[in-house]
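Shared chain: chain A. Partners: chain B in the first complex, chain C in the second.
Now for the complex of A and B:
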């Protein structure tokens, strides 16, 4: 009996001291920060989830749930597929993103290698200038590109090509920053070792440097694709009208006219595409950095900027 | 034997800083040559110039008599073992070792047999499929060696290759490296800041400081007969004392004054200056009972005994004011000196050396 009492006493003492321990020790395991973080995540994700949910609604309503249906995705003239404007916007977005990835990634990789290996006069300022598109407000970029294509290079004018060039212009910086970060972390030693073993510059690039850069290249592709899909300002300024409208432009114009479930549907499709790209990029990144000790995570590699 | 390296008036400047400041060195073929010095002395820069990664600002590098000025790294018949090994992380051991042979377009059959031979040489047979990340530091080191040796270079450059390994493995690999060098019979140019490494392995050592070569000699000579204060100080622990030259006794016999005590220095020769430094190794200093008299003896007091395991180190303050380190081997007997004990310090003339050059800083001519 006495032993039992003393045991429970000890228990309460422990609970008390533990409570005092984590209130009194600010360096212990954080308790409030995770709660706040989770609250924020719920706050930012729930609206998206609700929008996705109502894109599957069986009625026009965006507030009252009346059963599951894919009628806003497929079928009648009010669906994404049935509405020419919506589905051509979807293809335009995908086309721009794909072209952006195909052009900006190789250019950015080569630029990053050049900049990282360039020693001497001008290297510092060039490296800084590469960050310029990242810090320029997008609207300034959009307006200036509009002026350039509309008044100087009038051959291009406002067109799909102009939109592609606009996307490439600002997404190259992201590629450069990601690839250069990895270049600095892998250092020059592998290239030197390759040269030492008799590899020409081209062999060193193809057999050593590019395979080692692969994770950064994959991350670049995912990011470039995601920001191109996401872009509104530059696509809008360089748009040639209806045929050049991308999904963000369509969403913007229809949302103002009166919300449609099909707008939700096309927005949801965008979310799915972006999500798939990023997850695929992440998985590939994990595959290619397997066995690397002490390497950062993809989020670490991408932490250079706030996306 | 091929593998002769000549460095002629070699200078490398980074901006205003001369990392290598006029080096002249000759390494005959099949020699184990070490460049020893503290970090920043220019030894790695020199090695990188031989490999071709840095271009000399001035001077020449001759490899087997031919100038390397316009030869890029991948065309030089030298290979490097890097400090960090630089094994390609995305390739397995076999592909790492075969990398250089494939660049030389060696036939598949020959590649196979030469890789096997190289891996056997470094005792790694059976680990061909491993990736560098799955190997220990010592194994990675061996792969780096095999990768360089498989190309049968005339000269192998090694940049502190044992620096990242633990002490025990380092000792073992020192012995193996030396044996390997004798087996393959090519020139090894070895860069290190570890004096013990340099002493145990090298045929000759160049001691470097501030981009200049202080002394080039065989290990024993560098240790026993250091030419400069820097060499004496850098190679092991030395007791350096300021001294005034009284009489120059010609061949290896100088009478000097330390404080108010006169000593005979049996080795080295006094330079032009009368103010010089004398040096003696801690293991050559002997302690005698307080009150013992005789030549080359100075009274002192034990300031601090330090137990080192294999030896006892005693810091003794001499009556002249200098502090002398004394090393007594641990032979199982009790060493009777305690802190504060008065003793007589005997520095035998044959172990006491006068340094001609009193410092790395250039001495102004009078």
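Now for the complex of A and C:
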């Protein structure tokens, strides 16, 4: 009995002295840092999880849970699948993202290689020009594209084509930045070796450079797809109305006037699609960079996947 | 081995694209802003030749953007929102980035995935999540009400009534923080991760306390990361209009971006919208210039050390 009490007493004393030591020197072994970090992670992720949860709600409410159901996904005219406006928005988003990937990836890859190696007149200013779309606020780009299609390239006007052209314009620079990073890290010795062994420039490009760039190309495909799906402002400014609505436009217009679980459902579908794309891209990236020094560690790989 | 013309011809399609769909559109904004307005149709008549420029609209917009003008309140509000959001982002983001780069060993990969996750979730989806949570009866609204936080916030003057979605500046600022903080933490993390640990060991060996070592070594060495991340989130925040729209949609939280958007979606004069866009772009270019200058200074300082 007495030993028990003294043990717990000692324990509480230990806790007290530990707390005092901690308060005396908060930077020595920062225990509040993990607390802040994990709280931040919970704060950044949980709201979205709750929003996804309510897309499966068995009632119209977005605040009171009344059981699981997929009625907002399909089955009736209020569901994503049953509502023409909603499912056409879903397809519009996917269409823009697919077109964006198909056009921006080759343009960006070529531009990245070109800008990294071109040493003539105009190279410097082209490099500078490439950086601008990355730092221009979306509203400025949205307004400028809206006006250019309204006053100069009037054939295009506001349309799906205009939206695609806009998406490609802000995506190219991301592709360039990703591919250029890879170009610098692989260096030129492999191509030089190929040249020494008698390869023509075309063979060096196709058999050496292209396979070496493949991981970066895969990463840029995933990222282009994701930023295109995420885009709201450019799509909104170049929208031709109902038929051009994308998922973010639907979220924007319904979130203000009383959202329904179907809004959460369509937003959740986009989250699933993006995550699947990124995970698939990441796995492919791992396959193609297998055995390289410097990668292989997860944190090193993740660096290629941030924006 | 490679022919001389190859690399410039590789660049050509991309450069042409950016000239036609980035530079020309920027000029279109200038042309419209300095153009005139059709007296009957009320549509913009752009002036492409600088000699034909009409500075009347720009002059008017500049007056309205100045103190006493009708946009002045939005200008001041935008500056406050961005400043407070940026400060909060740094306050929360720095410890998080610091912990992940320095102290998270086994959990580092997990934390990095969680850190990158918001990048793959649509911005508007993340705003929608908060609209759900904060609407009357939502989880966050209920918790804040039951714990008395809502009441306290009203008493402190942070919000004017206990409904968080009723056009409250505080809610918009929290939404901006929530929306943009991932874009700050990642560059901060990269900057902190690059710092050579031997600098810290040297500081400790020379008798600095851990706190002094942080203050005199880590903090100055992460300065470029702080600046870079801040610019990275401040620029889009200055042009944001959808966050206040979704979170409050009240005139009490109008930012300068909302003012621009108004003239393109429902408002009367795209010419006015174009003129505000030009002013905003010039302001942001100056900010960007300051950033580049500051980074140069910082790297010069490091070289002389």
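In this section, the second predicted complex is superposed on the first by the 257 of 307 C-alpha atoms of A that agree within 3 Å, B and C clash if a C-alpha of one lies under 4 Å from a C-alpha of the other, contacts with A are read in each partner's own complex, and residues count from 1 in each chain.
Just so it is clear, a contact is a pair of C-beta atoms (placed from the backbone, for glycine too) under 8 Å apart; a residue touches a chain by one contact, two chains touch by 3 or more.
These numbers come from a predicted model, not from an experiment.
Asker: Put the two structures on top of each other at chain A: do chain B and chain C fit, or clash?
Answerer: Aligned on chain A, chain C fits beside chain B.
Asker: If we overlay the two complexes on their shared chain A, which of chain B and chain C does A:211 touch? Say first, second, both or neither.
Answerer: The answer is first: A:211 touches chain B but not chain C.
Asker: Once the shared chain is lined up, is A:67 touching chain B (first), chain C (second), both, or neither of them?
Answerer: Neither partner.
Asker: By the touch definition at the top of the document, which applies to A:190: first (chain B), second (chain C), both, or neither?
Answerer: A:190 contacts chain B only, not chain C.
Asker: Could you look at A:198 and tell me whether it touches chain B, chain C, both or neither (first, second, both, neither)?
Answerer: Touch status of A:198: first partner only.
Asker: Applying the document's definition of touch, where does A:241 land relative to chain B and chain C: first, second, both, or neither?
Answerer: A:241 contacts neither chain B nor chain C.
Asker: Does chain A have more residues touched by chain B or by chain C?
Answerer: The larger set of chain A residues in touch belongs to C.
Asker: Determine the nearest approach in Å between the Cα atoms of chain B and those of chain C after overlaying the two structures.
Answerer: Scanning every C-alpha pair, the shortest chain B to chain C distance is 5 Å.
Asker: If you lay the two complexes on top of each other, which residues of chain A touch chain B in one and chain C in the other?
Answerer: 192, 195, 199-200
Asker: Can you name the residues of chain B that touch chain A in the complex?
Answerer: Chain B residues touching chain A: 51-53, 72-75, 78-80, 82, 84, 86-90, 99-100, 103-104, 131, 133-134, 147-148, 151.
Asker: Residues of chain A touching chain B in their complex?
Answerer: Within the complex, chain A touches chain B at residues 189-190, 192-200, 203, 207-208, 211-212, 291-293.
Asker: Tell me, which parts of chain A touch chain C in their complex?
Answerer: 25-28, 30, 33-34, 36-37, 40-41, 43-45, 47-48, 50-51, 54, 62-64, 107-108, 110-111, 113-115, 117-120, 122-123, 126, 129-130, 132-133, 135-141, 143-148, 151-152, 165-166, 168-169, 172, 176, 191-192, 195, 199-201, 204, 226, 229-230, 232-233, 237, 247-248, 251-252, 255-256, 259, 263-264, 267-268, 270-271, 274-275, 278, 298-299, 302-303, 305-307
Asker: Taking the touch rule as given, give the residues of chain C at its contact with chain A in the complex, in rising order.
Answerer: 1-3, 6-15, 17-19, 21-26, 28-29, 31-32, 44, 46, 92, 95-96, 98-100, 103-104, 108-109, 111-133, 135-141, 178, 181-183, 186, 190, 209-211, 214, 231, 235-236, 238-242, 245-246, 249, 257, 260-261, 264, 270, 273-274, 277, 280-281, 284, 288
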